[in-house]
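What follows is a set of structures for review.
Two complexes, one shared chain (chain A), two partners (chain B, chain C).
Let's look at the complex of A and B:
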């Protein structure tokens, strides 16, 4: 779907080059503009801002990852000893970085994969008008509106060994066990993350559904499509764009989520939920090893960015003018 | 000391009114700011002060800040700009940015265990005789409170501000009913008493195994009492048998002795306190005077006392010769003056004001935090005899090893408990697993000590 407009644009762009010099005035106007006739210099203010806000801090971060910056050298940080790749070597070989990346990525994937059908189902259910739909939609948004701190505090209370969850399970003869430490803590993290984040998928799915033209519904009805076929072959293709975006944003959000695991489990974290934000927090704010934590942050950025880049190319979120998908 | 809540509130109000009246009276008597008569002329200057936020008494804190600022203005002519931090993270971020940029607060109020880290940054004024003299001399402080001002007497940066020593609380009725006349003074005796006290829905001890701050204090205390300070010069000694014994005692209360509620594996300190306050346990370990408001308003009001935590290590009936009578970690706040400050004399003048006898007593009356000023401490002891155990704990508090690696060591000690909680929950922390975790902690501690730069 996206190839056609892209190809046509390319063809258009090549057109002026095929007949150079035919119009002197037009030739002059083309000077200083791109082949798409867009004056790039207009991007300068935005570009400068990007350099200031993103590129410069990233470069400083990389510089810090190459020096031995800790509480002893912080005062005169520019003259902290340059240690080359030592921080990177330590991060990869003598720290639990890779284990933390694995925990972060796996829990984020599971939480995202589970929330997508939940969010889509909720969006489909509340698509058609019914009495009280506004109220239901508002209730659906509650987990998303609550601050992470509140969500985690409430769940932490409920998951206590003698909390409401274990008490309820005990009434039906199940020993709930320990939720905030040990192997079950990973399930706890996934569960709470799902509870807190499914409305985000729901919101994006809803926006996708609302973009479906009324005529499409009518046409499929005239063609005699039953609800599942209509959903599968008519409606879902409209959701591809919004859900691809939701998948990406969810993964990134979960990987970077510090508050939820921090409030749920505290520091030091139980080994089963020692996700990436815990590691960088402890390295920076408990061990004060700013150089090492910068190296960890950079390594994890690369580790996470590669699959995300491949994903971006695969779903073509970055190659279309219309992130909403097929229309 | 143990008054009704209303009396306590009215006392605080009267103190606030008193401070305000004094400040206003001084303001009325004083001349122009420049001729205030204070030893330092701060006319037209503003001193920036960073303190931890007070969630328990926010309004009183606000009022206190206003009153102290008025008093300081009267003495020196200078204004005070207050900044607060809500967490250790924010505290460190503030220090980091100030240290790197060379501007920020002139005076910091830091937790005692954070002082070694602050010292390691070399960003705070080392206290020589002149600086000590400018705050009234070292002699004005309770001697033990100086134990975590610096690595030794000659190298200090922290001026003691308030003290929050740890003690235990016990239920007098439950102990009397069990025929126990005095609270335990050794850890073994405590265990035996706790066994006697457990039964009929009541447990002997309230322990916060799920707390992120409490556990290491037990291990450090028991080890220090057994003669192992955990750090000797630049060597970590967590692999000493005393550390294993400390952990086994701590876990054994639940797994072997069954004197702690099994739900305690998830408790934080306030939850453990709530169980004691409900009368569900006979002893509450590792608490401070800040538990007073909770206990005064609880089922055990009038039925509890404070006492020193045991100072004889596990497995012993008396402390070994090299053991330390460590009743508590040296806990509280220190004041430090930034080296980049352009108004150091003014900063020390402010520190002097905060450590004055009257200010310290007022601070205790308002916030329940004990003075570090020796005169104020003596006066409080005479005025409130029931404070005696807490003040005694303050005088028997011992500083944790003063090294920039301490934060890592503390984290490693706590991590042993966190990773043992699943076993604890199942009623068994296998010795070999515990030893492996202690070895990991030892390695982490030693690595951190190896990184220390003088």
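Let's look at the complex of A and C:
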């Protein structure tokens, strides 16, 4: 599961080093080029931005999570009362946080698990050339291309109590009920998320399919493999890597997705779709419990950290074998 | 294959070099994965899932507000009025202009910064390099909701303690988007630069070029496709953001994403919200993004899978 399976030129540089009897002098010179004249100052603008907009706010965030900050103390937040871990205790025991964690995790998992077969199916049908394949591929990418806030606004309109979905359902004798409020809103969130995110799986599955060599197809054709056996035993193993990556990234993306629930349901959030980012936002900018909200945000960071950690372990960071470079 | 961002250049390059023994039709037969009937039905099903809502948006944008609110699929009266009314109901033009300005500047600056950062990360070794590479990936997953409150507090404090107004200006959004776009854009450039041959740079160095000379005369001219992709991603991040835009803007600096929400919220109590106009405005907000994708589709798809982030 690597992001860059290029056979790049940098990797070729390994060859003379690995060969027995390498000219030691040459090796030293090559090392020198990458270590002399380093324009490291080019990293400073990015570094400064990271410090200003990520590191500094992160520290402020930790501080806020330890104080009792509301709309009255916000202007003078440095002198707000320090209350230690009270916010964290309240977040974990007396707030809907744990329910939100459950909502976030279950919704992310359901949406991801449903989108995988859709994405794989889309990749499999567009693998072979046919007339109009370019058009079909562009159509498949539409949900992906549309901005999230556009997707959510449109579905919000369609899911109105008297909206087009309910009138259409009524014509076949089904009472659609309320989609944007009450328990059914959870289903709405999952459905819209699935609609919006399966093309991402499709893209990654497609890249996996393209790695299947022509010989593999020939071999299975000579063996006379039936199509489902070929898919199951020959093709799908190639997709394991790209799909595990897609799975992780989807989960990360869904857990962090704020725009979709926010625009789809608006504030105040229905309790059944108050996923973590939504709850954190509402606690800050609706209830003005800033300290509590910051504590919630850090608790939710733990949740993101799990898939993120697996992802970082799996990604190959580097293609060159630098001295001291750990793979 | 001129797309170094493609995930599988190794496999595809091989198949280009190797002469094909069979005709094209034979190849298709061998690589066929599904029987024809199944292929057609799956394709039709997936296209329908996408196209039916899309068709509805177009129809609804040509419908009256009441017609959309009553759930008409086919408008009883077709009208293009929505497209002229959206500019006055909500300050959508102002929003679009702000979005273009902020996202556009972010894109240009971000592309510039990411190519120079990636150059240092790919071509030089130094302590902490792998840490930075790992950080680039990790930072793509920082939840925006974690950062929005502290960023808001920090920017408001700049006004209190330093006398610099950031909240409500374009600067606030620009700085935020730039920072959040930079890790992904840099990662895209890192994967791109790794695919560039080193020989040209080595030759230039022998001829006495400095590191900066190499960056400006060799790296940047050779990596336009990568630079465009990383710029577009920065643009999309700014264009698509709702979270920061709804917290650190004023009506004057509102982006299109925030303006679109106003259609739904404006007349929430009582009167029917202008749903028809909202659909028209949604299409207008989506248009720049769709156009960008259509122009750069080839590069973007490779870039997406390389960076692996939505």
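Note that in this section the second predicted complex is superposed on the first by the 239 of 327 C-alpha atoms of A that agree within 3 Å, B and C clash if a C-alpha of one lies under 4 Å from a C-alpha of the other, contacts with A are read in each partner's own complex, and residues count from 1 in each chain.
We adopt the following convention: a contact is a pair of C-beta atoms (placed from the backbone, for glycine too) under 8 Å apart; a residue touches a chain by one contact, two chains touch by 3 or more.
Please read all numbers here as calculations on a predicted model, not as lab measurements.
**Student:** Tell me the contact category for A:306 with respect to chain B and chain C: first, second, both or neither.
**Tutor:** neither
**Student:** Taking the superposition as given, does A:77 touch the first partner, chain B, the second, chain C, both, or neither?
**Tutor:** both
**Student:** May I ask you to decide whether A:89 touches chain B, chain C, both, or neither, giving the answer as first, second, both or neither?
**Tutor:** neither
**Student:** By residue count, which of the two partners contacts chain A more extensively, chain B or chain C?
**Tutor:** Counting residues of chain A touched by each partner, the higher count goes to C.
**Student:** Which partner chains sit in contact with A:57 here, chain B, chain C, both or neither? Use first/second/both/neither.
**Tutor:** Second partner only.
**Student:** Just chain B (first), just chain C (second), both, or neither: which does A:266 touch?
**Tutor:** both
**Student:** Once chain A of both complexes is superposed, is A:160 in touch with chain B (first), chain C (second), both, or neither?
**Tutor:** both
**Student:** Looking at the overlay, what does A:214 touch: chain B (first), chain C (second), both, or neither?
**Tutor:** Only chain C; A:214 stays clear of chain B.
**Student:** So in the superposed three-chain picture, is A:285 touching just chain B, just chain C, both, or none of them (first/second/both/neither)?
**Tutor:** Touch status of A:285: both partners.
**Student:** Taking the contacts chain A makes with chain B in one complex and with chain C in the other, which residues are shared?
**Tutor:** Common interface on chain A, chain B vs chain C: 74-75, 77, 160, 162-163, 266, 281, 285.
**Student:** For the complex, which residues does chain B have touching chain A?
**Tutor:** 88-89, 92, 96, 99-100, 117, 120-123, 210, 212, 262-263, 265-266, 404, 407-408, 411, 414-415, 418-419, 421-422, 425, 448, 451-453
**Student:** Could you pull out which chain A residues touch chain B in their complex?
**Tutor:** Touching chain B from chain A are residues 70-75, 77, 160-163, 177-178, 180-183, 266-271, 281-282, 285-288.
**Student:** Which bits of chain C are touching chain A when the two form their complex?
**Tutor:** It comes out as residues 4, 6-12, 14-15, 24, 27-35, 39, 42-43, 46-47, 49-51, 53-54, 56-57, 60, 68-73, 113-114, 116-117, 119-120, 122-126, 129-130, 132-134, 137-139, 141-151, 153-154, 156-157, 160, 175-176, 178-180, 182, 186, 191, 194-199, 202, 205, 210-212, 215, 236, 239-243, 247, 257, 260-261, 263-265, 275, 278-279, 282, 285-286, 289-290, 293-294, 297, 301, 304-310.
**Student:** Tell me, which parts of chain A touch chain C in their complex?
**Tutor:** Counting only chain A, the residues touching chain C are 3-10, 13, 31, 33-35, 37-40, 42-43, 45-46, 49-50, 52-54, 56-58, 60-61, 64, 74-75, 77, 118, 121-122, 124-129, 136, 138-150, 153-158, 160, 162-168, 195, 197, 200, 203-204, 207, 210-214, 217-218, 221, 227, 230-231, 235, 242, 245-246, 249, 252-253, 255-256, 258-259, 262-263, 266, 276-277, 280-281, 284-285, 290, 293-294, 297-298, 300-301, 304, 308, 311-312, 315, 317-319, 322-323, 325-326.
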